[in-house]
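Note that the chains take the letters A, B and C in the order they are written out, and that residue 1 is the start of every chain.
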Amino acid sequence: MSSTAIKKRGIAIAVARKDLTIEWNSRILVNQVAPFAAIVMVLFAFALDNDGILQRVAPGLVWLATLFSMLVVIQRSFTVESADGALDALRVAGVDMGAIFVGKAIALMVQLFVLELLLVATAVVLYGVEMTMAGFCEAIVTLVVATVGLGSVGTLYGGLAAGARGRETLLPLLLLPVVAPVLIGATRATEAAFGSGGTTVSEGWPWIGLLLVFAVLFCAVGTVAFGPLVDE
Amino acid sequence: MARQSGTGTSATRRLGILVILMLAGLALCGLWFSAEDVVQGSTVRIMYIHVPSIWTAYIAFGLTAVCSAVYLSGKNRSLAWDRFAGAAGEIGVLFVAVSLVTGSMWGRLTWGTYWVWDARLTSTAFLFITYVGYLAVRQLGGTHRQRARRSSVLALLAILEIPLVHFSVTLWRSLHQEASVANPNAKVALDGLMLFSLFLGLVAFTLLFVWLVLHRQRAMMLEDAFSDRGLDLAITARRNEAGA
Amino acid sequence: MDTVIELSGVVAVLGQFPALAGVDLTVQRGEIVLLQGPNGAGKTSLLRVCAGLMPIERGTGHVLGIDLATNREAIRSRVGLLGHTNGLYLDLTVMQNLQFWASTVAATASEVSTAMATMRIDGRLAGVKASQLSAGQRRRCALASLIVRRAEIWLLDEPHAGLDAAGRDELDALLRSAVGSGATVVLASHERDRALGLATRTVTIDGGGAA
């Protein structure tokens, strides 16, 4: 029993490492997704050109940009699987679907985390956000917990949309309503961390609790539900 | 072969007649006999369809979840459960749409605006979109079993996700709005006939839902049987092709 | 003899199209069976059914004694399927692809290097991205990852496609040695003469039926 658990962990790590190696070799995140996210932040500034507004809504914009970029990253994560029938080959090899889920989710989380750091940095530079030390710590915790939730739920629904060949348009419809709690929770927590609109750091922690519930729930559910959703 | 017209049986026909009579009664009670509300005037009458339709939608989505769970847990995995789940999902989406439309009409008359970012409204909108997605997944194609497996897993995910969305939206509003917009029921002092009308509406809509689900489920069964028949013909054609 | 594949009246569906309209097939251990038939006859679907990848709608089937209708997932880890696609990650190098496959089936580094040497994709090619390989070289990679998997039944869909003459000889030698060590091979190929020389038996399928 424990040997299969070790085997699954090995597969999950192999899948995560494989996805990150693909990103390292192709640099899609660095060369395409990150510039896209940055330009979205600049466009927000054009659309909301008003003194003080940007600073106040910066947390929401960071997370909106994250969600939009995440859609692109998820599509990419499953395009590499279907381009040459690799997911089929994994399936024929009898590789455990739950382990594949964990591996792909971890790789997605790492990429999202890098992206979010970049977006927060952009907000600090472009929108004039100022953080205290406590606020900075809270921001990091928020990023980590929100990313775990987004990565797991994104992999779950990404797999479903990828199984439905040629229906990539389905992903936003399925995914965006589900991640509403993350958008709400992460935005409020980040507001507290940024001190936007006079909020204090301590107001953020309950929201991080909400993010934590979401993350734990979808990590557990995703491991079970991924196989039936993706398999034929 | 017995003559079969449509998807009805004598039982559903009787149920249908009962539903029509009750809806007519609801219209009379709601629009004519019951009194205007002291505060809201005639706008209170929207409540008689607004409340029953959201009630029905909750029943429908609950049924979708239960049928999906039974489908997944059952040994023989009967497709009938999947069809019931799908039928209930479709009708649930319809009733959420009705309650959103009637709700915003009521809001326009009472609050002067079609939409407010009230927690209940917002999470109902999410409920609507979630099940529109569920219906989209049902349409993805593949075999009946593929459809059943995908959509039942998704229905169970939706049931997990809805409380979380509702909870977070409620938390979101409570923080930013001191006086939350009260729900319609709280403001209304219901007299006997108004209460009766509301109750009649709940019963009538529930029975209407049962009637619709039975018919839709049978229609889906016929659709599945039709495509199975098409498959039989295609198999025969392929065999003949091979023999020729 | 030991029956490894036993299909009877199998119907398999792609969408609403009957890719297989009632196929019977029996394969004994140690055979090299060649599936013949025109394009669209259902050869690919038959191989995918045997791999436990495609569900069967009607009929009965057992692969390695496992029931296709109830437990087809259990078959997968014991067979190897080479389909039209190669199952490679195009942004990974040859070496990275094989290492990944090896880690999913717990194969050792020496098994990987043996497989790469057998398919002659070691040396300079090992560090080349799969997207920059020729079709034949990709096929070699896919075959190498199949070797790593130590399958009991090899299901090969057009394995000769894209390979050069030397590669085809190497493939044939590989399959013969696999059979020699207890494996079974089912292949579909349009390289008729070569495949006939390799196969111990030929099965014709047409219009999704027969056999």
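Criterion: a residue touches a chain if its C-beta (ideal position, glycine included) is under 8 Å from a C-beta of that chain, and two chains touch if they have at least 3 such contacts.
Please read these numbers as outputs of a predicted model, since none were measured by experiment.
In terms of Cα centroid distance from the overall Cα mean, chain A ranks first.
Taking A-B and B-C together, the chain pair joined by more C-beta contacts is A-B. When every chain is reduced to the mean of its CA atoms, the largest separation from chain A belongs to C.
Centre-to-centre, using mean CA coordinates, chain A is 37 Å away from chain C. With each centre defined as the average position of its C-alpha atoms, the distance from chain A to chain B rounds to 32 Å.
Centre to centre, using the average C-alpha position, chain B and chain C are separated by 48 Å. Annotation for chain A: residues 232 touch two or more other chains.
Within chain B, the positions touching two or more other chains are listed as 141-142.
For chain C, the set of residues that touch two or more other chains comprises 55. On the chain A side of its complex with chain C, the touching residues are 7, 10-11, 14-15, 17-18, 21-22, 25-26, 80, 83-86, 88-95, 232. Residues 141-143, 145, 227, 230-231, 234-236, 238-243 of chain B are the ones that touch chain C when the two sit in their complex.
For chain B in complex with chain A, the touching residues are 72, 126, 129-130, 132-133, 136-137, 140-142, 146, 149-150, 153-154, 156-157, 160-161, 164-165, 167-169, 171-172, 175. Listed in rising order, the residues of chain A touching chain B in the complex are 156, 160, 163-164, 167, 170, 173-174, 177-178, 180-181, 184-185, 188, 206-207, 210, 213-214, 217, 221, 225, 228-229, 232. Within the complex formed with chain B, the chain C residues making contact are 11, 13, 15-18, 21-22, 55, 57, 206-210.
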